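Okay, so subunit A shows up in both of these, paired with subunit B first and subunit C after.
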Partner chain A sequence: MSEGKSIIMDTSRCTACRGCQIACKQWNGLPGTKTKQTGTYQNPPDMSYQTFKVVRFAEGKADNGKPYWYFFSDMCRHCLNPGCMEGNKKNEIIQDPATGAVIHTPATKKLDYNTVLAGCPYDIPRQDPKTKELKKCTMCLDRMRDNKIPACVKTCPTGALVFGEREEILKIVEERVAKLKQTHPKAKALNPDDVRVIFIVTDDPDRYHKFAEA
Partner chain B sequence: MSKITRREFMAATGMLAGGLALSSLGVPLGAVQAYAGELSKAERVKMAQTFISTCDFCSVSCGLLISSDAKTKKVINIEGDPEHPINEGALCAKGASIFQESTNNPDRLKKVLYRAPYSTKWETKTWDWALDTIAKRIKAVRDKDFMTTNAKGQVVNRLESIAHIGSSKMDNEECWLVSAMLRSLGLVNIDHQARV
Partner chain C sequence: MTNHWIDIRHSDCILIMGSNAAENHPISFKWVTRAKEKGAKLISVDPRFTRTSSKADFYAPLRSGTDIAFLGGMINYILENQKYYRDYLVTHTNAPYLVNEGFGFDDGLFSGYDSASRKYDKATWAMQTDEAGVVKKDASLDDPRCVLQLLRQHYSRYTLELVSSITGTPVEDLRTVYEMFSSTGGPEKAGTIMYALGWTQHTVGTQIIRTMAIIQLLLGNIGVCGGGVNALRGEPNVQGSTDMCVLYHILPGYLRAPWADAPDLKSYIAQVTPKTKEPNSANWWQNYSKYIVSLLKSWYGEAATPENDFCYQHVPKLDTGQNRSIMNFFDDMYAGKIKGFICLAQNPACHVPNANKTRAALAKLDWLVHANIFDNETASFWHGPGVDSKKVKTEVFLLPSAAFMEKDGSLTNSGRWVHWRYKASVPPGDGMPIGDMLYRLVNKLKALYKKEGGAYPAPILDLSWEYGDGKGNLDAMSVAKAVNGYFLKDVSAGGKDFKKGQNVPSFAMLRDDGSTSAGNWLYTGMVTPDGKNLAQRRGKSDPTGLGLYPEWSWCWPVNRRVLYNRASVDAQGQPINPNKPLLTWTGDKWVGDVPDGAWPPLADQEKTMRAFIMKPHGVASIFGPGLAEGPFPEHYEPVEGPLAQNPMSGQRINPVVKLFKDPIDVYAPADPRFPVVCTTYTATEHWCSGAISRWMPWLTEAMPQVYLEMSHELAEQKGIKNGDKVRIASARGQLDAVAMVTVRLRPFKVQGQEVHQVGMTFNYGWRHPKDAGDSANLLTPTVGDANTMAPEYKAFMVSVSKA
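Let's look at the complex of A and B:
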């Protein structure tokens, strides 16, 4: 078996157009959710069982006193050793052998949601209040099986999202981080050895999202 | 794309073997089958008839691939066209949501909805009513506000109280027709929406 697939989410290239967020909804046939204006472009305010991907907007003052505005296209990291699978009773959460995608099957309704959520350092799984099934990003396993790339990656107009074989992706991550370090000394990849969806940030990860880094 | 059946593809990528291994491990078959049911969209898109078109939201006109179900002839998926020179498969949030404009969107508006000034409710109206009302209001405003001369007494023949915002998807000839009509009303506030 190969090392499976991987995705890069390079925050330095993201313009927060939210095409990925919409493409995810569109492909997965997920409905719009009722939201409120919270004073930010981040909408819906958080992930839900109907929203597998959210572009998070974070603003504040940087060390040099200048304002920053960071975009973080949050999604399941598809860990190599998924913490959520600790909550498995049988095989309700499975890992696709070919791609490495972590799948919450409909049988997850038998699992304890809080145990599964506690196993996830990135705060990803969400529960459908009616069916009690756990829902999250599938890495578009159905598309990958059909030789298509995930919907979010396909729609990304800036190249912030990149999809490919894990070995190649790891090389690109190294190159990008090395290049970013010239201008942004804090640039780094988040947990590249543990996850399949590797985020590249140019500043302190906490400034992007509380659960950005494990 | 090579001509490879789903079964061959799955076997080649180890999916079939993986699936068998999982079922022998005691994965509830119901769950796996239920998940396979969710895969039907990818299958349907694969078998669908594909049409090319362009996004209608802004003047960039990104290329689209529209998948129409082989049996029902309904649009089942729209995504970026990787062979289109402008977007190379990519779409922004608006383009990515364009499936919502297709006829099988249950929330699609099919009738004119009208909200009267200060009202909090939408009323359903006919197209005839809507067009007549728009025409009547334009005439009333024009009759009231049309200026033949400005404050200095110079001839201007203009109407400043109506503005027009055009579409970024209009071609040259349509733009000419619309501007000719607007100028004949005396409009000077004419803009378009090519920026987005």
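Let's look at the complex of A and C:
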């Protein structure tokens, strides 16, 4: 389906305040896991069955010799044709008909995790080691059904996360990328035709995250 | 802030320096982002490439503690390249004023310095006056004794090359920043500065801010939309608590705290009230007597009469020149001079400099009463690292208090907007608002003094304490009304009749005859005569379209959203920048923001008053004799810096700074044992010393342990890899942290030498979580700004080694 909802994650506006990462935990009732400082701001280090959203930090030297520090508020892309559903036996992974949100139901415990993960070009699904259920972002389907916007979007102070009807969002993405290109020739939207959560970057996607783009 | 948060969106160039706004004031970036999307340029100047820098159009590094050199270079650039806004300077500043012939500057010292007392006699820091006492001026700005020419002379020393050799900022970067920001000089554009503790927490902090104020005046950026000098203040209600006198040297509304040389009210008023002979100067502080008398009436009620100086004698007096800042307070405690300590909602064991000294001082108390929502390193100091609990005699009482959402009250934001907050839930367990604790405590004290008498009971017994809710607790609305003030008898004012007991609608109606009461003159007008609390307003109308939202909350003074706003109009009262019409004179009144005075515009020479109404002469001070170090800011090295000599002069450090003498307060400048510059800061994920945020699992998950940010170059030199445990030591203490080796810090070239800089957050403490590490303030020096005593947390020297 190509209608439904969409989210923009505009990295050019993101300050990595991590309000989205915390709001996701809060809304979904997920615990703060025990972490260590390992020499990066990025924590928890990766997605987990208790972390559906993680802000990734990537740094290096830009072409002008000054540092760059890129932030990538990683989350499920809610693909239009979800690769993870290739691993379905029955309807363990479903797509909400109204919004297009891709939902890993409790029945995913019956699926082979590695098959589902292999189907995801963005390295998103994680397995609860105890229940064997697969866990990831739900696009806040429960909130959307209550006419509320997803928790991460709600908390974003700068407008880096934007939520709306997919048709509208695609227009905004196009305009935004065109504007960014004036100052950042490498600006682009990542897989906008295939995903509902559309990331906008201003540099090579690899510089943000290994699985930024499919 | 002279302006307010939303106003940032109008800026054409935003300089973020002495602040890491994206991390420490995340919501501010809503408005920074809007400005950028309308074409504004964002500049970040910071020793470390931060989350703010990552969003900047231009980033320039500087060595911690060299901001005056950096900004002094900008003043020089503006003057040499004629970037200043001449009309603004002549109309609104003291640039044309002629300075006393006796004033001078030589080798880092202004005239009047006394090295024995480390103080200035400011007699020569004055203006030339004619027989009538009016200041002599030269509107052509050519006279060699005029302020602008003296400014030019002073900052001509701040050449790009010399500045670069002090700050470590490449010359090209300096030039780019100067060019970008000074492009806002003139009528069409506005530049703003967003600064915070990165400027205040230096031994020259106040002077850094003054340097920027001078820049903003040169460019004509004060009193206009998108401009101003904007201190970013935060969640702890810093703005509100400063307004209400949290500091030792002021009373509510920035009235001066009484001192020994003002033994009675008359001499107090005579000494604090500024005088001027300038025509067309409102000299608003000439109303000082009305504010202090109304305050005394608010505190002492009917006991305060004209005959007894309105109980002025009840207010404690500082010894003349006495310094009662928190570092002095702990110095006295360390010396055993203080027996008991009531510590409310603070964590000094982590947030006061030289934490080893602070923690040792707490053990010298007989008792400590601590109110907070969690236990912390202060309440638990007696079982901290290295402490033998059996040897600590201090009795500690930990009182569980209410969090902000568990009580009613007001919060004043950086833009001076007072927001009323409502109680949303009941505090858990025995938790109680600190206001209730204090309300009950004073009632007990009153009862005891009444019963037993004791030494000098009058100040306690006379204290007006009618803030109760009738159930034994504090009623926040009663406090709000007392702060606003009310008439004490029926009066006619401003063409209206008011009854005794009615709230005063504006501080213009306060009196010094005892007929009005007001707990803080700046907040007069917040509660209307008919009892409406305007801080509760949430109206969204925006008549100017500039985002002033005059019906959203209430802001001091008198709901004026941009201070000195009459500097935004020409002599006829028409907006100089018609695209951002903050104010317009219609011929008989002003429309737009609340003007800083209803007088007609400057063309009406009979009735007009100049825009800078809080300054005695009605103009802003480029030459400002008010501060302790001198009328023009000068670069001095941090008390602990890497250089043995100040490249600018023979004065290495701020000549009037207070140095502590106890052996535990050792300083080690230019000491080969401690060769690395260190600075401290907070992360987005934690709050202050982390006393609250460290108990929040989602936040400790995101930022779990203390870390030291360092360059690859330094790491390589020390054999340190990213993620290694490292030991940081200063002359006062040491702690371990996790190394964060990053390209975001790089060595500086200072005076031809390579100087390394590191940085760490002060968000941690040993109490919780157990493996988080300890406070960065184990390292910091006991020394502060010469005007404010804000500690020099931002620049000191350490060694770094693999642990």
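As a convention for this text, the second predicted complex is superposed on the first by the 211 of 214 C-alpha atoms of A that agree within 3 Å, B and C clash if a C-alpha of one lies under 4 Å from a C-alpha of the other, contacts with A are read in each partner's own complex, and residues count from 1 in each chain.
In the analysis below, contacts are C-beta pairs under 8 Å (C-beta built on N, C-alpha and C of every residue); 3 or more make two chains touch, one makes a residue touch a chain.
For clarity, every value in this text was computed on a predicted model and none was experimentally measured.
Visitor: State whether A:142 touches subunit B only (first), subunit C only (second), both chains, or neither.
Guide: First partner only.
Visitor: Quick check on the superposed pair: does A:171 touch subunit B, subunit C, both, or neither? Answer first, second, both or neither.
Guide: In the superposed model, A:171 contacts neither subunit B nor subunit C.
Visitor: Would you sort A:66 into first (subunit B), second (subunit C), both or neither based on which partner it touches?
Guide: second
Visitor: Looking at the overlay, what does A:21 touch: subunit B (first), subunit C (second), both, or neither?
Guide: Both subunit B and subunit C are touched by A:21.
Visitor: So in the superposed three-chain picture, is A:210 touching just subunit B, just subunit C, both, or none of them (first/second/both/neither)?
Guide: neither
Visitor: Looking at the overlay, does A:97 come into contact with subunit B only (first), subunit C only (second), both, or neither?
Guide: After superposition on chain A, A:97 lies in contact with subunit B alone.
Visitor: Would you check which partner chain A:157 touches, where first means subunit B only, second means subunit C only, and both and neither mean what they say?
Guide: Both partners, subunit B and subunit C.
Visitor: Is A:186 touching the first partner subunit B, the second partner subunit C, both, or neither of them?
Guide: neither
Visitor: Taking the contacts subunit A makes with subunit B in one complex and with subunit C in the other, which residues are shared?
Guide: Shared contact residues on subunit A: 17-19, 21-22, 25-26, 157.
Visitor: Which part of subunit B faces subunit A closely enough to touch in the complex?
Guide: Interface residues on subunit B, with respect to subunit A: 1, 9-10, 13-15, 17-18, 21-22, 25-28, 30-32, 34-35, 38-39, 41-43, 45-46, 77-80, 82, 87, 89-97, 99-100.
Visitor: Sort out for me which residues of subunit A touch subunit C in the complex.
Guide: So the residues of subunit A touching subunit C come out as 13, 15-19, 21-22, 25-26, 31-41, 43-44, 59-61, 66-71, 157-159.
Visitor: Can you list the residues on subunit C that touch subunit A in the complex?
Guide: 22-23, 26-27, 29-30, 33, 49, 51-55, 59, 683-685, 696-707, 722-724, 738-744
Visitor: Name, in rising order, each residue of subunit A that touches subunit B in their complex.
Guide: Within the complex, subunit A touches subunit B at residues 1, 17-23, 25-27, 29, 90-92, 94, 96-98, 103, 105-107, 141-143, 145-148, 151, 154-157.
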